[in-house]
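A short write-up of the structure that comes next.
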């Protein structure tokens, strides 16, 4: 139910000859729109000259036939959708970031938060660098262009920069002649590669973007890997790839962020969610008449819960698809509430039934309470809520926007208290171990050897930053 | 899959005292948005003075905090969402239609097409009437105001007008002091009544709009009934209600148009669709590994098909919710296609499976062919398509926008030919009788005694107009 | 200084063959923009089908390459710019008014207010007519289409209608096959005819619109004349033209409304204004060092004052041309004032000088007081204000928006009092007789034999309406 | 006639306590709008935190009540209007430029072009600096922040930076606690200081902006001077002020750019222009019946020509004030032309007259030819054109956008040839020496000792850049 925010989706394409790639990027970004709705941008490279269109708004707000057409023919392009996790929404922070430096131009798109950006900014500013934005992308740009002055190629500069920037990043960089994709050594954020029917190479945050543009999935970029495309050839630099170490893909990609038709690090997102439901049915069983999911992200787990529990699956809630960005949310003071606008309860499915309802997470608890109320108003005799994620207890430093501790209901209350607060008859959360167990399952063997679960269990795979992004700029 | 268009949704509210009703109407229209996305409007009545805001666009495009606030406090209001079935999209045709006449002001919202509007326009023009728009709403306004000059009250004028206007209409009329809802004697279009917690009265095209504003469903307006609210009292005029005659609710309300959480003339839309799937599984059985629905309108029937056939239900297609009005559709010439942008196939559900896929209708067949291709590309071994409606063979004169015969695939081809054209392994359509059988089912007894199925079987419940709306104005 | 508002500018063009006339109308409307900045519209006629684009805003806001292009080729077109003198700004009142009636379509543009529209509306509503707008244009449309049913041609219908509508109107009507221009028998509002280089016929409120589209001025339309263009032929109906009676052109066309390069009823607007200055120098002489005009409309009279008085003409005030519609006017509470934003005083022209400043009118007096202050702040030793119009004392019923009596400074104060209130050293207004004398001057012989001066002297050339437009609709 | 473009207007204000200064800056920018219509921006400083709103468009497009209000209270603010002289119109280049650096924040606005920006960019990029924009402002920001790291205060950094940046600049810099205005040592661009009634200090490109906000003119900033306002105190650093050397104010400020009510370096712009007309009447006398000016910038010189020649001054051309940014210019292929839209000729002033027409400059000659034609069409018997500037023969490197030599008519043709090309009966240009003579006139003694006239005579007061801005980025 739209409670957490991922910060970005990235896409890049390299073709052998010039064509109208901006439109291809447009379609890819439409498929990645769920990863960020704040700003969108596309940069194209024609004959080593890079041009860019970006603005606040949805992909379909920012782009139209006219500006896509004006971007013209090109042989490389990158695109970005953004949700900002620090500071105010701002045009300055929109990506791609376009940079003019000594060796030419560069367009950078990136997903993830650094943990040492504060230190790096300080260091850079001491050397006389000036910053236009508050984004980590500008820090990364500086580090890369700084390294570029000392070494022979842009990919070498990226590799050197990776020794200095720490944290989560999946980035795509377009130089005058090369398209480079790089993923941080712990693999916090997804990044995959595909092939166009005519041989072009694409990179994307999620595989669903490949399908939408007709590309074939080739493979995930490895944590730490740098892939360079130049003159149609692909080179892989594995020097940052750590053998035998655990990787740290954000588990929320599986739980909530990613589109169910995407496959990330070898795991189908839909399958993970169905298995979450199966696991929940084992760990938190209940007698009931129907299992329903909160659309859209609770449906897969509800289906799994039904499979395991043998309680019939039902379609008990439908989602109003016309609640967009310009929707005027009801005041707190009005009787009507947001959930009632977003969701419709199907009375014939719920009336006089004992209902299991599956949602993907509980953040503040208010939405859950409204859902329970909606179901009871539609006649549900009992409402058993099952949550396909563990309780949030810790902040994320890698790019996921989790509420502050005061607002996280699980930081303030025990599970029985939450159950009472939201008015459910019973409540169960998935455990961290259950989630990790799913990833070990034979069918869904993960290419990377682990996930970051710090927001649940506090086990941060890196040092923790001293100064948060918010503190710095607000 | 968005192939047919209903023309309108209507909403009206009457309260005992002045309050900011425009916002209530706004929320109701958001819940009726699926019935029309071309224009939206709200008219409010304060102290007998009617004011209106309307424009082309979605409800959330047309309205903002500022213009809702400017509409101010009032004790009555009506609202409308529109999809135009004749002529070009035009501001002149947006509703509510606001009229100044001898006895005061009037705001009218209406859903449905008349069959004698051509004759009525001619007759009125001969008397010196002039028309600003091409809509039936203006014709109805003239007839009602004409009758108003001859009789003692606006509700009497509505009743007299109903002897002259023929065809489909569910209308809500706001006069200086009254709110009046009327439904044509054959009940082509839905219309229901609800009650606000504080006693206010509401009318809406669908019951889902009642829930969204916190109103309780009271009952459907009977075919031919006129309900007048004045000084908080409700009066019903049943003089146009035909006892014992069959009613003619558009069957497509159940099949496709209405929201699944609505209840129309005693039947839950969701239930009708689930039973369609059950019926299809009986009439067109097939051996398969998984049943999936084309989201959103094919999901309920897929669920029913699975219930009956015991073939597991699966979530095999997901819909991109960011394909909005400003989305730039791919050119015909581009390799990429619209279905690939709108739908994502979940490979792990489909790979190496025999798949039954349920859609609500086939109009031209191109979309169906793309869906079959999408499923096969995701690894489906067999694709069996089942359609939860009969084949379209005839035009609709009551307000549903069906393609011309040249474009209707079922007018040009047999079912086996269609199956081949779309590339499916088998294809089955629901029969008209199956649909009518569902309505007789004990659980879903329809309050009206029949449905219009003319687009399938050519049995028009009224005369057929000589001159179509399109011919007149184009 | 922008104190009074004219309500409209009209334009029409008839060509022998189809071409992109919408753009010609666009340029004409740009030249008539000073006559109305609230809404703009163009209707085109191609093969008897009329299409229209109109909206609130300036001509250059409403029209763009795209919508002009979509209007396509046509052989007739009309256009309109509007300033509304009654009720709120509203899209419904924008012109051209497009009407569908028994005999076909009609587009009407018009300038002026009727004095019997209240009675006509009542009469029409009694017959069952309904009104969408509050404008006189809709009343005229009804009267004409009503007459059309009784007679053989549209021009005959216009002639018959002119026996029933009373007041001020210059109108252009486009029927499927004809373009008709008509002017009320008293000639309140200007209307002239021109010829395109290729033989096309144009009608316009002012001759400046002819120049801008490359047309040659042919003649003014006579008060009461109806000119019909059909198949390239021009017919004139003089049956409403009153021989020997005085005509009543609004004198404010000469004083303020019209563009100085226009010629109306035989008089060059610029010449009238120069002669006003000459007359003022005779009737209100003063010793001074420099004569300046308040730009733009006071410049011509200042020049005349200088010619007669031999006091040097100076450029002492300049106007900021970037104060547009979206300019945020200073609050009353702010020290800064509107005049200081709009006008810049040239110190070197004013310092230590005795200054005569000419403005076209004084309405409330606040602007004049700010101008006097601005001049003194720039160093003027004495400020003598001369006004090239008489004092406003009466309301206008023919389409000029004059403030209510409470706001008219001349209704509340004597001229010496006003002089003191605005802080001038002396003040002089032109007398009504002086204005009328100018029109009798040999050089500027007016084709019509008089002007309406009712707002100054209360001599209304018609009956006065009982119910004002404002009272009816507010 | 709008042929040349100045690049910018700057404004800054420092108040003792917090108030809504954004609105004051807004009014100042409206008064400076003639200096740049491409983008506008305001940055405010509240408690050392700088916030900014800027965008493409006119001041009144970019700002509205809402965003001005959101900028809130502050004790310092700067603003900018821009016309870009190099590269495409771009949001990145809009000012104020907001910079985050080691010592805090900085907002910079500036007018003028550097001649060594190419070299400085190269040098900075070699050190690892990256550029987001193509503007000189970013170069200046880098140089200043770089110097800031090495010295004790921001004003010292500005002073040090001024040893490195060469060319034309009038800049205002807002640091967390100071407002600093600086003008290049040759004084190419104007910059003056004023005082608010409450003691606040303002800086502006032109004195007209002071008047509009109610400030009193104090003095011009000297070429090379740095003025720092801190804690309400004003300090002046004269270390870059060159005694005895000639200054180089762009002469086009007097001829065309500046508003006639401004006073720059001791000279009233209006006076300069009147004296240009007087000088032209001496150097290029002619027998004629009337002298008219091309509005707006030719009016002052026409007035001067009349004074000297005793030929009567006339108002023969009027300007359409509704030709704004969104005006659709006529195609080259259309008969109608741009001049006919922009200007109206007053026939009664011109008919059968020998006309002297004064314009400020001739660039390509096409506009002049259309003006001559317009006057002849209005009946002028002879047309004698006088130009109140010398012929353009050389490019400007300091920020004025002069066409390339191929387009400059004076580079391709002799004056007699130009006279024939534009169809005039005679043609005369002011000489460079005449212009310089005016500045020596007792009444208009210039505070700076000279003007840059390089575009006329090629005498560049600095070295000339090797690589032009256009070459670098296009």
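Here the chain labels run A, B, C and D in written order, and each chain numbers its own residues starting at 1.
One rule holds in what follows: a contact is a pair of C-beta atoms (placed from the backbone, for glycine too) under 8 Å apart; a residue touches a chain by one contact, two chains touch by 3 or more.
As the structure is a prediction and not an experimental result, all values here were calculated from the model.
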Same-interface partner of A-B, chosen from the options A-D, C-D or B-C, over half of the pairs matching = C-D
Would you mind checking which chain's C-alpha centre is most distant from the centre of chain B?
-> D
B-C or C-D - the one linked by more C-beta pairs in contact | C-D
Just curious, how far off is chain D from chain C if you go by their C-alpha centres, in Å?
-> 37
Centre-of-Cα separation between chain C and chain B, whole angstrom = 49
Considering chain D alone, which of its residues make contact with at least two other chains?
-> none
Mind listing each pair of touching chains for me?
-> A-B, A-D, B-C, C-D
In the complex, chain B residues that touch chain A | 23-24, 26-27, 30-31, 33-34, 58-61, 63-65, 68, 197, 208, 211-214, 259-261, 263, 268, 270-271, 296, 299-300, 303, 313-315, 318, 320-324, 326-328, 330, 334-336, 340-341, 344-349
The chain A residues in contact with chain D across the complex are 91, 97-102, 122, 125-132, 134, 141-142, 145-146, 149
